[in-house]
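There are two complexes below, and they share chain A, which is joined by chain B in the first and by chain C in the second.
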Partner chain A sequence: MSSAAQFYLTNILVFFGVDLIAVWGLNLQFGVTGIVNFAFIVLQAAGAYTAALLTLGPSSGNGGFQHYFGGTSLPFPLPLIAAGLVGAVLSALLALLTRRRLRGDYAAMVQLVVSLIATTVAQNQSGFLNGSAGLALVPAPLQSIMNLTPLGYAWFYVGLTAAVCLIALVVVRAIGQSPLGRAMRASRDNEETAASIGLDVSRIRMTAYVVGGALAGISGALLVQYIGTWAPGAWLYPETFVYFAAVIVGGRGNVLGVAIGSLLINIAIVEVTRYIPQFGPAGFIDAMQWVVIGLLIMAFLWLRPRGIVPERARRYHLAGPAGASRTVSQQATDRESQTS
Partner chain B sequence: MTDDQPILSVRRVSKSFDGVRAVDDVSFDVAPAAITGLIGPNGAGKSTVINIIGGSLQSSGGSVLFAGHQEMLGLPPYRRSRLGLVRTFQRSSEFGGLTVLENLLVAGTDPKEVSLRAALVRRRQWRRDEHQLLDHAAETLSGFGMLDKANDRAANLSGGQKRLLELGRALMLKPRLLLLDEPFAGVSPVIAHQIEIALKRLADDGLAVLLVEHQLDVIGRLCAQVVMMAQGQVLSTGTMEQLRKDPEVVDAYLAG
Partner chain C sequence: MSLFVLSLGFGLVTASVLSVAALGFTLQFGISNVLNLAYSSFMTLAGFIAYWLNTQGLDIWLCLLVAAAATAILSLGLSRAVYEPFIRRGARSFEILIISLAVGVAVTNLLLAFIGPSGFSYPGVQNASVYHFAGLTLTSDQLVVIAIAVALMIGSHLLLTSTSIGRALRATAENSELARACGIATPRITRIVWLLSGALCGAAGVVLFLSISSFTVQSGQDFLVPIVAAAVLGGIGQPYGAMLGALVIGLASEVSAAFINPSDKEVVAFALLVLVLLARPQGLFAEAAHRREVIT
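Let's turn to the complex of A and B:
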């Protein structure tokens, strides 16, 4: 494979890994627990900013062309871990913001507004995150001490991303199979009934917020340390809907399904359109991506609401208890036949 | 607690919606190891009372004492359920995306195991407890003749089977008092009969039940004590026989 092709491939693999982690986080919130979090992209952005600010040196470096706070030059993997923590804490705050008296649709609206406010603040506070120009020259983890060729480093980063993906997969699968995952799905299906059988729904939802937020933050950190820049334009509110599209199309609540959804929505649509020859006004094909994603969401909600790979319930083999051969219904039929 | 002490004492409970008094100064007792009926015409306030006892509605006053000493008002619904006061709902309330068996398991799981810690680091423990839980769930399903439905999505059950599932799920919590809000509504005669037999046996085994129901023949067969409500107030209390002879009750409800 030519090195150009390898660069292309490593890029796609890293982006896919980043999207996978984020989509698994959103799936835990939306697919499994039924939380409609329209500020999801803010959590990924917060993770990216955290990692960038902790990896960069002081703002006065680089000739002072960008202005930000922090700049602590922390070594890998501390920025990655911190990004996960910041995503989790911010997500918990989002949960608290919408916890009381704000259910479902109203909470989603509040979070959409939070997303807009966050973008506006980041764009206009120039000394905070360098305004709309964003942060640049974010050092890549371990690159300075590894002495790899650019291509070698790209493959190293693919491996790093894969390792983090694997950890994320283990976590979301362990949750999905556990009593917690079952309780999350129960609170999604019927909140009031869940409370009536002793489930602390607020706490369960908070757990989904926190774990999903941590995954979003980590995905942002992995992305920013690879591409080296991060600006408000990368996390405008519609990006949240791209991840929602991946979850809806792939199959809400199914770890494999949303991975396929992510491959289709986050990767395939963008990559395929690269090869369509430009026609019409400038930027026409890019704009059409949004139309296609919107249409896909609608089509799936109408025609296949459970997605490409629907959520699969765990099946058990039950022998039936010994001595319980006569059921209540059999007794009932016995009695009826006696009386008639 | 002695045997004849009520398992639940509702005292002077009231509730207004936009100035309309839906429940007005209601007091009654629920006896242990027996089925107490709660009857009354539509709009009498029965469901409101059940919702206040279960915790999904706040009372504007009064007290609901459980097991002689525990004040229920002010506790969130999930705490009441964990103490043994378990309710069902008037409308179907299955967890549709879960299987029938999972509907039972999710209710039977120890709340301590519903945590991130249990999911990630203490996996051996909940897996071990799950075995016992499966036996208990299989026994419950088999008791209702639904063992063959164990792995079906609950959303695909018939209306009557959903009622059975709700009852089975409530029993997985090992309740001390069961609040049943019209469990016979929209249920075929065969399943209604199944539910009736199950309730009778549960009461014989020591469970207390508060049963909201419109079918008075069922109430007459099952309930030793019946509370009759009308227009937000308790009109009369007694056996179904006594209520049938009470002119005030006949006027408000039975003559219809």
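Let's turn to the complex of A and C:
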């Protein structure tokens, strides 16, 4: 494989890994718990800015052409961890903002507004995060001490991304299969019933906000340390919409499903259109990508609302009279046959 | 002080455009219960329909009428073809919200694909003269924008209070089951409100483009949050609340722009909205609007 092709491949793999971590975070919130968080992209952005600020060093570095607050240089895993923490804390704040019992769509609209405020502030406060130009020259982790060729380093980063993805996968699967995951699904499917059997719905939602926010923050940190730049243009509110598209198309609540959705929406649509010869006015294909994503969401919600790989129906085993494990549905059938 | 008065003028223009847009948005929400985030994309669409007609030599005021009528029909079509089928299938409210966002993104980007990102201005409107009075400085275009908004507000008020359709609209917004039990054909009222809100949306789009020197396919989209802010601030679904909300948002953002960094003016308006939502999710003027609205 030529080195150009390898660079291309490593780029796609890292981007896919970043998107995977983000959609798993969003899936935990939207797919599993049923929270519509339209400010999700802000959490990814916050993670990216955190990692950038914690690696760039003081603002006077690099000839002082960028203006930002509190830059330091922390060693490798710390910026990534800090990004996760910042994502989690901001996500908790978002949860508190909509803690009042706002109708689901109303709360989502509030977060859309928060997302726009965040973009406007980051763009206009030039001393805060270097304004609309954004941060550049973010150092890549361990690159200075590893002494690798650029291509070798790119493959190293693929490995790093894969490792973080694996951790994220373990976390979301563990939560999904735990009693907490069941409680999350219960509060999504029927809030009143969930509350009536003693589940603390707002606490369950807060957990989903925090874990999803941490994953979003980590995904942003991984991305910024690879591409080296981060600007407000990278996290406008329609970007949240793209992640929602991935979750809806892939299959809400299904870890594998949303991964496939992410591959299709975040990677395939962008990469395939790269090879379509440019036609029409400038920017025609880019704009049409958004049209396609919009139409895909509508088509899936109409034709296949549960996505490509639907969340599997769960059967919970209860201990039977003879100690044998029986499913709830089997018991229901038994009762029906007894009464008839 | 003079800076304050000057910014008040800008605030009035912004508030005028916003009041027309927010009125349409909130009326439609009050009746159909759909938070239609595609609204601002339809404003842009209307603005460009008027632009196209204007370049064909049609007078700008005729363009405004035609664009408003076209948007009314498109808006009804959107409801009939997209929202209603999903609602009949029992789609949840957040799914409708995502669908409306999908429609909005698709429409905006279709416009972007075929029109491109460059700026436009209406060719038929160039000879703006400037008027000064009481410290305010307004161009003739801005005065016309304010006049249109005031006329539309008065017209809507008369429609809501003095016609049987208006009374049926208010009854349906208040309690659609009770309205239906009283013999009001609520499906018909829903169709009428989509037409009405589409017409207001179209008018707001053209008026918005008239009030800014150069518009792009993004200009309407930038207006989405102020519209939502005005509607929510006034107690969503409340027509008079939306007018008041528009006035507050418009004036607050432009007046604050005179005293702080102008690019932060949106932040002030939005921060106001977030505070209101934290303290009173039902909006500032829910009660006031209730008293004036319901008891007749």
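We take it that the second predicted complex is superposed on the first by the 314 of 340 C-alpha atoms of A that agree within 3 Å, B and C clash if a C-alpha of one lies under 4 Å from a C-alpha of the other, contacts with A are read in each partner's own complex, and residues count from 1 in each chain.
The rule is short, and it goes like this: contacts are C-beta pairs under 8 Å (C-beta built on N, C-alpha and C of every residue); 3 or more make two chains touch, one makes a residue touch a chain.
Remember, it's a predicted structure, so these values are computed and weren't measured experimentally.
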Partner chain in contact with A:M298 - chain B first, chain C second, else both or neither: second
Touched partner set for A:L9, first chain B, second chain C, both or neither: neither
Partner chain(s) touched by A:V201 [first = chain B, second = chain C, both, neither]: first
Which of chain B and chain C A:W290 touches, first, second, both or neither: second
Partner chain(s) touched by A:I308 [first = chain B, second = chain C, both, neither]: neither
Touching partner for A:M109 - first (chain B), second (chain C), both, neither: second
Touching partner for A:P238 - first (chain B), second (chain C), both, neither: second
Shared chain A contacts, counted only where both chain B and chain C touch the same residue: none
Of chain A, residues touching chain B in the complex: 171, 174-175, 178-183, 185-186, 188-190, 192-201, 204, 207, 211, 253, 311, 313-316, 318-321, 324, 327-333, 336
Chain A to chain C touching residues, read off their complex: 36, 97, 100, 102-106, 108-110, 112-114, 116-117, 120-121, 123-124, 238, 241, 244, 248, 280-284, 287-291, 293-295, 297-298, 301-302, 305
Chain A partner contacts - residues on chain B that touch it in the complex: 54-56, 76-78, 81-82, 86-89, 93-99, 101-103, 105-107, 109, 111, 113-116, 118-120, 123, 126, 130, 134-135, 138-139, 141-145, 147, 150-151, 153, 169-170, 172-173, 190, 193-194, 197-198
Of chain C, residues touching chain A in the complex: 35, 37, 82, 85-86, 89, 91-99, 101-106, 108-110, 112-114, 116-117, 225, 228-229, 232, 236, 261, 263-264, 266-267, 270-271, 273-274, 277-278, 281
